[in-house]
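Given below, in the form of structure tokens, are the structures.
You will see subunit A twice below: alongside subunit B first, and alongside subunit C after that.
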Partner chain A sequence: MAKNLPVVPTAKAGSLAEVPAGITWRIQQPVILETCNMCLDCTLFCPDGALVQQNSKIVLKLNLCKGCGICANECKENAIQMIPEYSGVQGVFR
Partner chain B sequence: MSTTLLTGSEAAAYGAKLARIEVLAYYPITPAFPAMERVSKFIDDGDLKTRFVRVESDHSALAAALGASLAGSRTFTVTNSQGLLYMTEVVYHTAGLRQPVVMAVANRALSAPHSRFPEQGDAISQGASGWIQLFCENNQEVLDNMLQAFKIAETVRLPVMVNYEGYIQSHTLEEVEIPNQEKIDQFLPLNRVRTLDVDNPQGVNTVASPEFYMDYKFRQNEAMEQALTVICSVASDYAKEFGRDWSGLIETYQMEDAEHAFVAMGSMISDARIVVDELREKGQKIGLVKVRTWRPFPAEALREALKNVQLVTVCDKNIVYGLGGALGTEVKSALYGQTVRINSYVLGLGGRDVTTEEIKQVLELSEKTEKQTTASEWFGL
Partner chain C sequence: MALSIADLPKEDLFGPGHAGCGGCGAAVAGRQAMKALGSRTIVTIPASCMATLGGSNLKTTWQSPFYHTLFEMAPAVSSGIRAALEAQGIEDVNVVSWAGDAGTADIGFQSLTGAAERNEHMIHVCYDNEMYMNTGGQTGSQTPMYAITSNMTKGKTIKKKNMLAIMEAHGIDYVASASIAYPLDLIAKFKKAIEKPGFSYIHILAPCHRGWQIPPEKTIEFARLAVESGLFELYEVEDGNRTRNYEPPFIPVENYLLPQGRFKNLTQEAIQGIQTSVNKHYGRGE
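Moving on to the complex of A and B:
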């Protein structure tokens, strides 16, 4: 089923400047689930340093993430889920 | 309503005037230029309120037309051959941005070697561009198709090319009936959609990642498929209002009991009608299928129209190198699986004359050919 997109390929003016740089090539982004055991493997495997430890939590820096999904692939606890960027006709990007 | 003598170019210009175009963007090229000259005369005489954008190239012409269309105006341009090729980048932009620009194309051969003479190669080169393409058989149809083109374009939000051959149509006077302006205004109310809006600024032609690009293309193709229905309903609405039925996708002539069908598009059709009538008088069961809409390609309609014939002869005034005539190739693909012999001929390139005599000879040659031609045969070398 094709996505519901605007008829004319348009977006709000300045929207590229507002969003993190990686967004134009990212089609998915990681979400850290509650089952995370803080092994920190993902922070080591992430090629862009987009995952960091902050206050005993893993935090995602969206301006660095390219959406490659290596973190989710390497996570032994399956505690990282990749979710699509697409969020519907109005936003196009979330 | 009045009847007057008009060239194909003038008929296109009258069509633009009746459609009350708001912007004309144009760069001079032969043989398309008289359409622009006539529109600029309408403007100068005060008969038409249109902004004429003078540009420095054909590429800029369509770019200006695209911008004007994005701003919501009813927009028209004219070109042919090298001009159309130079526009190509924006041709694709216009379709992808879903703008209802209408372009008259006075079909002319492509360089090299240089030629200023008629054939359909320029239009064929844009067959994958996402523009709806209509081919006209005479100057009356040029005028009528111009008006239908705006209606179709603004309904499905796709650009439309109105094709007529250079000189054979663009520079030849024919009797043309000019419809009443009030009736046209009723038939063709402006369906204005603004993309550019100062109060709601939009970035146009956004970056589309792999996640979106294909979906945009699916929607664009979906609109093209929707056009198959819209073109037919617009043609029949026009016929009801103005009494001339050019049919929607294809027109069949003398096909009821035909065993041999001649398939072509553009200026050859008028001549082919005469040939068909002549051969019918001699007792041959021959008919004619006119392809009026080349894009979207009317495969279903052709399958239906040609289901009872034994032989199909397709003539192309174009050549796709290494493949054959474009229409011939596509008719073969449309009729895949049907038991029918299909012979495809390439003729009339670069202005080589195709008259009723040549059409008769091609039909005769095709009937004598036992084996189906694999690619396209060249006729008239």
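Moving on to the complex of A and C:
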């Protein structure tokens, strides 16, 4: 019988995802368009695991996205667009 | 049997909330590799970006056990973990040492070559960003010729060490090169390495947009261009048989080199020299 593996003793596994620091750096965020053909490439190319497949569509987890733009650059169907995080003359938070 | 992305596990064992830069190539490599390795994996990481972006002792992004070793000893620690697992009779655990190019080719080389000589049952992964990026982008033995780094501002004057050939010469069970731009190829290679009873070495090209001076969204694109231009060959060596996994279309090397800020001092003669060496390499033995 194999024993259960120990988890990192001082830190709960995956606890960085609860309060991600990197999202405050974001200056642009992806928007997934209708033309997405579910090739799922972006789910493997995203460094942060922010794009996940849920019930036959791609869902963006905005609390993980750092806005690097890899998904928009790699999408073969051009179904992901980057939009600025702030808009308007006074920089209104979207 | 071809892999498809839909069949891969949905959960992320590494990645969400990591502390790396936006567009980090090492994080992409880690995420893709953990899809193949699974939750019953113990990872040892020496000093590298991968150690810092995995979290401090209070918070972590890993869902599997990981151990932050000293710089020069990740494969040695992994050997010890494997010995302990064997002593306890635990067999279904993958032991991985995950080092950067310094922890593999330079500082960590003595423990790596020792573990490879003993043919320990483990996988060593080198994620190669061709610089010492965690300490500010210094030159290492994996830095390509002519690349500008923070301590060689006119470009490196000597060639990149061929780490894959060195590991191949150890006669270990499995040697493979992989690129984050070809995730299914990378995952398939990890799945192969898991099955091996001895030492496996996987060398992943994971660009660092800060060091290479490229826009963050082009990280994957440059990993692909490196393969397509023929400068980074995707191949595996299994029981002494060398197989090329991807036949590159051989785009001109300048399409890969010139857009990078670190090669801004490249002369036409240097580009010609690199192109000639690529052509010569692929003509080898054919």
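Here, the second predicted complex is superposed on the first by the 66 of 94 C-alpha atoms of A that agree within 3 Å, B and C clash if a C-alpha of one lies under 4 Å from a C-alpha of the other, contacts with A are read in each partner's own complex, and residues count from 1 in each chain.
The working rule: a residue touches a chain if its C-beta (ideal position, glycine included) is under 8 Å from a C-beta of that chain, and two chains touch if they have at least 3 such contacts.
Keep in mind it's a predicted model, so treat the numbers as computed, not measured.
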Touched partner set for A:Arg26, first subunit B, second subunit C, both or neither: both
Subunit B versus subunit C as contact partner of A:Leu16, first or second or both or neither: both
Partner chain in contact with A:Cys36 - subunit B first, subunit C second, else both or neither: neither
In the superposition, subunit B vs subunit C on subunit A residues touched: C
Subunit B versus subunit C as contact partner of A:Ala72, first or second or both or neither: second
Partner chain in contact with A:Val52 - subunit B first, subunit C second, else both or neither: second
First (subunit B), second (subunit C), both or neither touched by A:Leu62: neither
Which superposed partner A:Glu85 touches (first subunit B, second subunit C, both, neither): first
Subunit C-contacting residues of subunit A that also contact subunit B: 2-3, 5, 7-8, 10-16, 25-26
Subunit A contact footprint on subunit B (complex, rising order): 70, 96-99, 157, 195, 201-212, 214-216, 218-219, 222
Interface residues, subunit C side, partner subunit A - complex: 5-6, 8, 10, 12, 15-25, 27-28, 31-32, 35, 40, 42, 55-66, 88, 90-93, 180, 183, 215-221
Contacting residues of subunit A [partner subunit B, same complex]: 2-3, 5, 7-16, 24-27, 84-86, 92
Subunit A - residues contacting subunit C, complex: 2-3, 5-8, 10-22, 25-26, 39-41, 43-50, 52-53, 61, 64, 66-70, 72-74
